[in-house]
Amino acid sequence: MDKLQYTRDWKKEDIIVNIGETRVGGDHFLLAAGPCAVENSGQMSGITDMLTGSSVKLLRGGAFKPRTSPYSFQGLGKDGLNLLRQTADALKIPLVTEVTDLKHLDKVSQYADVLQIGSRNMASYELLKEVGQQAKPVLLKRGMAATIKEFLYAAEYVANAGNEQLILCERGIRSFDPAFRNILDLNGVALLKHLTPFPVIVDPSHGSGRADAVLPLSLAAAAAGADGVMVEIHPSPKTALSDGEQSLSPEDFRIWMDKLSGLALYLGKTM
Amino acid sequence: MDKLQYTRDWKKEDIIVNIGETRVGGDHFLLAAGPCAVENSGQMSGITDMLTGSSVKLLRGGAFKPRTSPYSFQGLGKDGLNLLRQTADALKIPLVTEVTDLKHLDKVSQYADVLQIGSRNMASYELLKEVGQQAKPVLLKRGMAATIKEFLYAAEYVANAGNEQLILCERGIRSFDPAFRNILDLNGVALLKHLTPFPVIVDPSHGSGRADAVLPLSLAAAAAGADGVMVEIHPSPKTALSDGEQSLSPEDFRIWMDKLSGLALYLGKTM
Amino acid sequence: MDKLQYTRDWKKEDIIVNIGETRVGGDHFLLAAGPCAVENSGQMSGITDMLTGSSVKLLRGGAFKPRTSPYSFQGLGKDGLNLLRQTADALKIPLVTEVTDLKHLDKVSQYADVLQIGSRNMASYELLKEVGQQAKPVLLKRGMAATIKEFLYAAEYVANAGNEQLILCERGIRSFDPAFRNILDLNGVALLKHLTPFPVIVDPSHGSGRADAVLPLSLAAAAAGADGVMVEIHPSPKTALSDGEQSLSPEDFRIWMDKLSGLALYLGKTM
Amino acid sequence: MDKLQYTRDWKKEDIIVNIGETRVGGDHFLLAAGPCAVENSGQMSGITDMLTGSSVKLLRGGAFKPRTSPYSFQGLGKDGLNLLRQTADALKIPLVTEVTDLKHLDKVSQYADVLQIGSRNMASYELLKEVGQQAKPVLLKRGMAATIKEFLYAAEYVANAGNEQLILCERGIRSFDPAFRNILDLNGVALLKHLTPFPVIVDPSHGSGRADAVLPLSLAAAAAGADGVMVEIHPSPKTALSDGEQSLSPEDFRIWMDKLSGLALYLGKTM
């Protein structure tokens, strides 16, 4: 197999990704949060309440949702982008949202500050090459059964196309144990931090599928050396149209933020 | 999770997919073969020699190649489509080739008789919806770590968009054993045949990554109830630009065809 | 890692294992069947009815049952061995049953013709060394997540202790897909037949966990080159104390035997 | 499946395991360390130097080594037990070592303070029942591909036999990524802490197979809620007879101990 190019041999120091005033990588520890999918303005106003005054420096949320079943809620599309943008502006933090395909790239680019490539598209190489030519940071999620090496090659499709403002995201891999939707791979995080200068964040919501595992796994990710954590939150998880069982409620979110911020500071990070 | 719609409850009898004069499903047993990637006219002329007079009823081959590394050979693109079309015409059999993204759909549609969606794109739902609106059969490969249920939902994205001329292809899944690139999942084939009326074929080349495993696994697939087998062949595997180690040589190809045809006939299939 | 010793380089020809008049390996195709666990004499009399006049040449059945839960039925112990022995004698075929630990080795050896080492004990090396010193054939099942290489090393613990009358059994491995209890690894069977002269049989009952998958997977195993198939049967699967959902009923058993015998003969095997 | 009995419903509070003056569980954070295998007195004197004055409160080390290959170093046996005992006595800390089978139980019990059941024997139920009748604490390691539920059932074999002085140990599970020997499952640790009152420790040496991953994964385990960490150390990893690539050198061990102790104190644990 070809040699990886964008390694610590290429750049020894951590790359800092700049999203407006938000910094990712190096000494910065990123908290990112938001709903799985935008549902309506009431929900987003609940999200605004949850995030106002918090240490969260990046809003996440889905408008175009890749769903396993064609009969599940597929996201609000352009209306969702609008609601996300308004929420981010109200909170004065940048927005990351997913580009699911080339067709929607222009539209998503108009609204988003960071372009997310989801797990299902980690190996959609044409899409990677295109976002590699955009003037916006990219957040690349690891495929559900991608090896670390395949993940790094996918990152090089983006970097090689010219975009080095790239954040990698570990979000859990497939395992044999039905106890969890996915298993968070912190071995992988340790190895990524060793091999690549790009910032590496963790998504323990998809990485477990259980809200009660999000806090311990977030702390574990920070301790393992991750550059940030991205979680799903919802003002009322039980009524969520998608991923309710893995979304933090307002109360759990506050506890999560306090504990995780505390640990990040102990570890010498800035927020 | 939503209920699957396109099951044996929807259509009890096997669906027959028609590709020119080639039939897939029911009593028909499909042999499909061709190179991993088109390399040049010399190679394709070797392929023509191998397939002339054989029982192979579908030519496979890649012009746009999704490769793990951005530095690997990425396929000949449009020139490759031309060479594939000429080869298929010379052999008087139809052609299946991969559509890797929306951008190339029109171009590929001009040349191909069957549109292949590769493993990496099994969950590229926008692409599935688009090929679901084409007037050509679709060959959908299972994702590397997709469950059978997820595979069937992906198929429903195509069917639900209007295209019921759909062939499913099991091509190996990820396992913990480094002895093989992938493990062929014949449990999955048995289950698919039980659940869905769409034809199910098997790709033992990707399903093992080893040329010496292709024959036993092809026979196993036929015995397990598959509706056909698709393999990679090469006039000179050792010089192949991709997947040489899993491609059948001319001699191995002849043995494979004889043994597999014999077994298919024993099992009551027509070729 | 050390080199494997008991390979095709050591003995090019297939090893034939002799169990009374039953032969395993080479041109012989073994059908083995019996209940998961011995329950009572009524059940075993039903088993006798099912096997009388059949092509089954080895009775399987468990007296000491290693069960995941300590609160599940653990087998009849010595009474079970008695019932198994009587059934085998009535049928005039040999008996294989599991030795779960050193403590029971002598007792099991008094009753069994073949000593089975189960999946859970594939890496219980002291037990392997002990059965390697017995004057009885050994049937070694692959561990649930053992690589083929680890499986072969385990076999060498037995052979190296002096016992070359050894049968290997593939019985399914762990995968990410909850559709099946295990995934039958026929890639592994093909590789084992390539590497080792010891006979290789397949257990599609544990290899799938579903009675409706046993026939297609048995046929697939034979086609892939296995030297035999071992299945679980029960006169009344719905009332079985263990593994009922994967046991063949009398009617399914007859169909299975007919189809599998037919295919084995087609493949040039003797029964 | 039967209901688990030894859950938080049975005992809400953490169980404290007492090993001489060492406490495991509750607010106590355990550091355990030692060589993979005892090799000779020179090595053990190096180990003594490394552990003298450290916060390590439990010596680990193998005298009977279950090795994948029968041709690998199998441990020093009884001589190894002697050397381990002398080292533990010199350091005035208790000793945990593995019981690989019933045959060696008495001998190991004479030397060890804690009886370890290794991954390969997690489902050796007769052995579990026997150690469940001993008057010594038991350290039970999770099988390489055991689900959390299967792990808890195995623990109940011990508890149900009368021994509630039980420590569970997560040590990595099989995955598809060859980058690591195993993947440490911290999802599993979070779930175990939720479900069971028994203390849960983590072995990042086997959980990664790489010395450079031991520190980040140890910190992650502590942050995820583990009750301790057990690592392999060696005075000269490059000359180790087994597991050298995952053993901490004297220098790495000191850094590990400082960082991990610091984090444990931050998390409110006592050492």
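By letter and in written order, the chains are A, B, C and D; residue numbering begins at 1 in each of them.
Assume a contact is a pair of C-beta atoms (placed from the backbone, for glycine too) under 8 Å apart; a residue touches a chain by one contact, two chains touch by 3 or more.
What you see is a predicted model, and the numbers here were worked out from it, not measured in a lab.
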Higher-contact pair (C-beta pairs counted), B-D versus B-C: B-C
Inter-chain centre distance, subunit B versus subunit D - centres from mean C-alpha coordinates, in Å: 48
Inter-centroid spacing, subunit D versus subunit C (mean Cα positions, whole Å): 34
Between subunit C and subunit B, distance of the C-alpha-averaged centres to the nearest whole Å: 34
Sites on subunit D at which at least two other chains make contact: 145, 174-176, 178
Touch-based graph of the chains, sorted into line, ring, star, complete or other: complete
Of subunit C, residues touching subunit B in the complex: 145, 147-149, 173-180, 183-191, 193-194, 207-208, 212-213, 216-217, 219-225, 263, 266
Residues on subunit D engaged by subunit C in the complex (per definition of touch): 1-2, 5, 66-72, 100-104, 120-121, 123-127, 144-145, 150, 153, 156-157, 160, 174
Parts of subunit D lying in touch with subunit B, wherever the complex brings them together: 145, 174-176, 178
